[in-house]
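In what follows, chain A forms one complex with chain B and a second complex with chain C.
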Partner chain A sequence: MPDSEAAVRKRIRGLLAQLYGGDSFVETVSDGISLRQAGVSSHALVALLVAMEDEFGFEWDDDVRPEALRSIESLAGHVLSLQE
Partner chain B sequence: MAVRPEVPDGAAEGTLTVWRPVQPPYGPPEQFDAGRRAAGAALFAAGAAERKRFVPREPDGRPGFPPGFPGSIAHTDRLAIALVVPGASSVGVDIESAVITARMARFVLRGLESQTLLPPVGDYTMRELFAAKEAAFKALYASGALEEFPFWWIELAEADGVLIASYRGSQVPVWIRSEPDLSLAVAIRR
Partner chain C sequence: MSGYANLARLDLAYREDRRIRVRDGVELYYETRGEGTPITLLNAFFLPSPSWRVFTEELAGSYRVVGYDLCNHGKSSHVGPEPTWEEHAADLIALLDGLEIESTHLIAASTSTILARDVALRHPDRVRGVVLAGPVFGPRGMRRQRQVQRAWLRTLESHGIAGLYEHMYPEVFSAEMNEAIGTPGFLGFREAFSALSTVDDLVNGLNRAMEDVGDPAVLAGVERPALVVVGDDDFLMGPTAARELAALFPHGRAEIMPKAGHVPFVDDAEGFQAIVRKFFEEVDARA
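Let's look at the complex of A and B:
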């Protein structure tokens, strides 16, 4: 059964929290805000994408749409689209 | 604290550089503050009028440097840097202290880049090339001519000892210098 969108977002938040050593920063990042605008570094973003491959069992395509990488919401949407 | 690399020779002329430490607890808000303090000091050093020394955040998140004083900001969790290059077209800077794993490198580097720029053929490290792409992204995206795109879509090639970063017909040279724990990349379109 596919995950719910809320569950996927929560798991992505969990990955971000691991990268930042806790929840304090991640709790300030809303689901829809650009991760770059929220202060997520390029290093953390790439590390998150790698961690998502392991967490959700897929590989990012080289030509992934940039919009899919923008926010927790869009990342979750990409994961769910792969599960359909 | 990591030793700070000097601005590489090719990027140093006319470049005002300021470093600032990140204050505890070293999170993104403190990193942001350190970067803005560095930028204000760099604008002061560049001779910007007082009212132009504040660097607001643009709607897309980029720092808004005043006209005539293009600049860029980067930080690790401990250190921030700001560059201002009066009269340049656009500027990008990045500093990296963290390890770039092989899997992260797969995202960032294309096959040809790995083959030609990393040892044994090339002299660059994965950390340096990661920083180079991020610095180039800032310089190219700041030009305003491109839609936002993942920074790793930029292609790197070496010419006469300088890295040339390219994306969709736009190019910018990138200079790199590293210390053991910190790499600095500077991209300037003059």
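Let's look at the complex of A and C:
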């Protein structure tokens, strides 16, 4: 059964919390806000993408559109689209 | 630490807000690190000043490293038409005046090697040694570079910055780096690249870069020592051409970095800095 969107977002938040060593930063990042504008560095984004591959069992493709990487919401949407 | 580990620490944030007025209506953003003989970093149009930090950390331990954004790029003033190379050169001299720097080493990469060459030609008294990493002018001219930049410009105009990134990435960066950082790296740094510049800045910069003719004959007039640093996986210039180019300078030599791409310090920052340090020490010892 596919994960719910809320569950996927929560798991992505968990990965971000691991990268930042706790929840304090992640709690300031709403699901829809641009990760870049929220202060997520390019290094952290790359690390998050790698962690998502392990967490959700897929590999990123080079042709993923930039919009898919913008926010927790869009990242979750990408994961769910792969599960359909 | 490998260059790719440095890449993972890339921090493109503007931490300071230091500016110097260089002419009417133009202030240049700059940042300085370290103390000692000055080294000034010249930005390619795609790489604003913060992008240099992680690749010049060792140099900043024993030199005064100055980074700045060109007029019309990054956090510096935007004033309508893209400045000419002559204006960019005059801006740099005014920046050095403002920082009370009598003379400086220069490190340039890709398109900014044009600026380094011109400053060394026009203002030899202000320049110590010149490092040209991934030069865009070859020993027989720069037709190839202009063709590449025209293609990039077409892609930028039709597919935006993300499309340009996808066009440039496999050309500019080495096969080694591409394999090492994989798709997450490719996608993650696309986000960073997209935040670095506006479409207008890049269009203006590419158009300006294409205007230089890259006449090899002018290199005979560069009095200051010049070091050409090229990765052997540079899509624009191979090792043989790099050595031929260096030989056109009265005091030039070439260093080839194995498996590195067009911006060789991205592949091996420590190796690049060791090469540069050795060159600068030789130049300063002869001064």
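Note that the second predicted complex is superposed on the first by the 84 of 84 C-alpha atoms of A that agree within 3 Å, B and C clash if a C-alpha of one lies under 4 Å from a C-alpha of the other, contacts with A are read in each partner's own complex, and residues count from 1 in each chain.
In this text, a residue touches a chain if its C-beta (ideal position, glycine included) is under 8 Å from a C-beta of that chain, and two chains touch if they have at least 3 such contacts.
None of these values were measured; they are calculated from a predicted model.
Visitor: Does chain B (first) or chain C (second) touch A:Leu80, or do both, or does neither?
Guide: neither
Visitor: Which partner chains sit in contact with A:Val46 here, chain B, chain C, both or neither? Use first/second/both/neither.
Guide: Both: A:Val46 reaches chain B and chain C.
Visitor: Touching A:Ser24, do we find chain B (first), chain C (second), both, or neither?
Guide: first
Visitor: Just chain B (first), just chain C (second), both, or neither: which does A:Leu69 touch?
Guide: both
Visitor: When the two structures are overlaid on chain A, which partner does A:Asp61 contact: first (chain B), second (chain C), both, or neither?
Guide: second
Visitor: State whether A:Arg36 touches chain B only (first), chain C only (second), both chains, or neither.
Guide: In the superposition, A:Arg36 touches chain B and chain C alike.
Visitor: Would you tell me the residues on chain A in contact with chain B in one complex that are also in contact with chain C in the other?
Guide: Common interface on chain A, chain B vs chain C: 36, 41-43, 46-47, 49-50, 60, 64, 66, 69.
Visitor: Would you mind writing out the residues of chain A in touch with chain C in their complex?
Guide: Result: residues 35-36, 41-43, 45-47, 49-50, 53, 59-62, 64-66, 69 of chain A touch chain C.
Visitor: Given the complex with chain A, which residues does chain C contribute to the contact?
Guide: Touch residues, chain C against chain A: 8-13, 162, 166, 181, 183-192, 194-195.
Visitor: Quick check on the complex: what are the chain B residues that touch chain A?
Guide: Where chain B meets chain A, its residues are 27-29, 31-32, 57, 60-61, 75, 94, 96, 98, 100-101, 103-104, 107-108, 130, 134, 137, 147-152.
Visitor: Quick one: which bits of chain A touch chain B in the complex? Just the residue numbers, please.
Guide: Residues in contact with chain B: 20, 24-25, 34, 36-43, 46-47, 49-50, 60, 64, 66, 69.
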